[in-house]
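Step one of this worksheet: look at the structure below.
To keep things simple, chains are lettered A, B, C and D as they appear, and every chain counts its residues starting from 1.
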């Protein structure tokens, strides 16, 4: 019941947003998604930085292969059989696709303006690119379909209004935003059961996604003591506490346990 | 409730003295059954147009999948992308086309307009039994329609579960993708049901109690008989839909689980309830058409209706059988196959009364003296098209043959042959026929004839090929048939259908023009332009408020005494004409007060 | 351009197509009678000066005739149809030696579960393939239909097979393919925005090919 | 058809075209409306039966969840109101428009229309009141249309004794119970409001007479119908 009321309210909100007519246009995806850096209003020398590497112990489970034989157009985009991206391990047990964000320590009441550059979510070869990413509340996400077939994008969210839109043709785009902080919002495609993406919605720009080598960096942090939390779709979460004074750069390495 | 307890007994009685009324009382909040009928006419013609516009978009998508819809740019991004109709919008289109056409166009056009307009006029009453309830019934219907329409302006668009609203798709927003509008559908249907029940209570009471002296049961015109039986169907069927819609609404809002299998609910329960209403509804949509067509064919043939009594019993028979066939919509639903067998037999039996009606219409024309005025043309069109619709139904009634045809375009063809070829042709006959009594002018004959012929041709070009692509296996409500190898070869036919559909839609503007133009410039009508026998033609054009009040006409004979020998040189003999040999009807002795 | 039902691909197609043809002939005759009657009357009895319509209220004999004929035809048709209906849909008609497959419908995919080498469902060696139904020709197959979310309908035109998959219900539909080759599965019940995209493919193999395919799948390879 | 000019016994059909239509319009209209209402409740009750007996797991024992004695009392209240309605009808039929009147040789005063209709209204309103009270209590215990609320008293009981409390069917139970009793309650409320309306516009001004008391007879029909429906609901929901 409550959820429904929210959805209605959220609906009205979305209506007002859409009515501004933000008809999305195709844009080139930004390089390896480090939204925090690109979207930090106070970017640059000011503020401290947290960098680190995400690793995991144990053996990474094998990613199941995806049978795309019923989607010739997607299958054609791969030389080898594509697999899911549940655990993307780098050299030396580096762990990619981990969402790292400051879960506590950012002074309450401090507000940050969302960057105007949209995050592009590309559906290409019947997979989501990127697989894990972060946005700020109110920041545009531009969903685009690069496959000549139907994808539907269903957002399963608790704090945000769920949506379910579809893109039958290649080149179609749709812009959406999230109204409330939520880690994580799940995106899925019901036409292709294997397609999943995860969005971390944050009120501040202090978040990052670990790269193929497991490294990440959160910049522009004002002095203070922060709890950073790392989220992985299979391995759960890890936290660490970091104290920043001035413009120094601290390292925080986090390690997950593969079970 | 209170209004029942309060409405004046003799309907128009309290208005019988014709005090001049304000515009509002006279045309907006009128309690005059004729004005209410006309209000229904304009409103439901509007919804007919809406339904048509939706149909055109459906045809565009099916004929030219993936091509940008002309003028689609004006639609919001949630419906089209780069002008291309999105799948979620497409299923809104099919849902709302069905909903509007069935609930807000055809049903009110037949029942709301003509039950209101004809019952008192043809039975010699001064008004409905409960004029105020009658007014409410109209305004509730309008409100229901607007609630339904508002769905399109909700953030996630109109309802998306098909006009049959099969649960759990309709009950769960996470499956349909529509949150608010799904609830609006349920609410709108509950309101509409209330309106229909109010109307039907009125019609039934009026037919039983407000007949002029001498208007015995078997002197009632078939149109009134049909509308009477229809009202009975509506009174018994719509509350069931209301009940179902309320359960659906509760599932959607307060978290009940009627149709949610997870908690022990039953999806099939919705289908049983819906079709228990839905099949009688099919006859609500066709019986009045049959009745009015009977009147018009008798008039056009200048001949008494062939087998009046069996026509009456055929109507009753169809209505009765209508209650025990709902399961034939569910042959593939996983319902117990044994039930399927019984439903198949009862369904096939409906062919019998239907055949009686068709052959009796033929018998009426046989050795007649046919006048091809526009109503007659459309009535003949009705007979030939309804025949196709009825016969194509036999294919689906035979359960094994239904397996490949169920939920394909074959069904779409069948139901359009009944609802368009049947009901709508009957309306194209009825509207010009009673137009003079409504507005005092005739609709233009020439335009009418052109409209009939073009409609007839394009209509068949549109819907007949649907049988073939249905046999080919094209499923209903699919957004893009071309992704299926077995449907690709049929695409040219789909395009042909679309072109014909656009033409068919365009032609309807002839009718709209004729209708509106004639309001002001139509030729003034004589009191009885069709030389008909009905009581309504004894009134001036347009019929005054209160009809015959304070006096009441006497009825001397049945409604179809065309070319009767005693008529002399005239070939018609109105029910109200008193011949020297006629004696005035004696009102039955008043029953003692309980 | 096809003007008829899809090519027959199962044992059901024979009786269904024959029945279809029979009904087509019956209704065809009725249609011709009515339409020809209409046209002749329209021409023959059109109003002309001096003519007057023949005054009659009908003929009981005629009405009895055109009541009786449809009644008899329809009852006969009902009996014949019912025979085949029971054969195709009744639970008791499912051949005991049928080869069982699980078909799980969800928005908007068909997930087909195969019994694996041991030929039994619900054992460890079962495997599931998306949108692909592989069966053996000339062998009775029973698909056990279930649904995840909305109501879907399993439809293979060439086989003349259609059965709704209803959430919370476990419905078994059987058939026997008579032709090897590739066909398509469609969803015949509106199940949401992706309804039309719920397309699967059917592969009818010879027994040897099927065994080979099962073995290869069980080995975990995708094609 | 009657006209404002022409005075006619209002308790007779306005215009008998032929024998057989011996019922005046308001009464006839009410009968037809009740027929449709029968179909409405048939839909609800029918679904209830289908769902309840289509269940795999056992249904909750009514007494375990519901306050049967209280509702029994409530049922009695509704029956009393029906009786009072009959008395009111009889009163106006023989012209007793008054509230209470002393009858020579009798200790008890003789009640007229005003008295008996008031009793009817009070009993009806009382019924609604008790039902609302019961709802509040039930929801308090955790019995909601969606089932047993998490962590509520009933939820715990259901865990302890799944059979008695029908843990497996709580959702259906709540759905059916609140929908059916709720819509009956709605009907009673409509009836009470209509009767209040009649009471102030027609009964107090003494508009009714042995020649015309259609309002009373028509609302009476409705009231007895609602009563009858409750007897059925009480039996299948509270007793079985």
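One rule holds for everything that comes next: a residue touches a chain if its C-beta (ideal position, glycine included) is under 8 Å from a C-beta of that chain, and two chains touch if they have at least 3 such contacts.
Not measured: the values here are computed from a predicted model.
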* Asked: Quick one: which chains contact subunit A and subunit B both?
  -> C
* Asked: In this assembly, which chains make contact with subunit C and also with subunit D?
  -> B
* **Comparison of B-D and A-C by number of C-beta pairs in contact, larger one** => B-D
* Asked: Any idea which chain sits dead centre by C-alpha averages?
  -> B
* Structure fact -> Chain centres from averaged Cα atoms put subunit B and subunit D apart, in whole Å, by 35
* **Centre distance in Å when subunit A and subunit C are each reduced to the mean of their C-alpha atoms** => 46
* Structure fact -> subunit A and subunit D have mean C-alpha positions lying a whole-number Å distance apart equal to 58
* Round to the nearest whole Å and give the separation of the Cα centres of subunit B and subunit C. => 31
* Residues of subunit C touching 2+ other chains? -> 107, 192-194, 196-197, 199
* For subunit A, which residues are shared contacts with two or more other chains? -> 150, 152, 164, 166
* Chain pairs in mutual contact under the definition given at the outset -> A-B, A-C, B-C, B-D
* Please name which positions on subunit B make contact with subunit A in the complex. => 66, 76-78, 81-82, 84, 86-88, 154-156, 173-174, 177, 179-180, 253-255, 479-480
* To do: Would you tell me which residues of subunit C are touching subunit B in their complex?
  => 1-6, 12, 15-16, 19-20, 23-24, 26-27, 30-31, 34-35, 37-38, 41-42, 45-48, 51-60, 62-63, 66-67, 69-71, 74-75, 77-78, 81-82, 84-86, 88-91, 107, 149-151, 153, 155, 157-158, 160-169, 171, 183-184, 186-197, 199
* Asked: Which residues, counting only subunit C, touch subunit A once they are in their complex?
  -> 106-109, 111, 129-132, 192-194, 196-197, 199-201, 222-223
* Structure fact -> subunit B partner, complex, touching residues on subunit A are 1, 4, 7-8, 11-12, 14-15, 18, 21, 23, 150, 152, 154, 162-169, 171-174
* Structure fact -> In the complex, the residues of subunit A that touch subunit C are 65, 67, 69-70, 81, 149-150, 152, 164, 166, 190-193
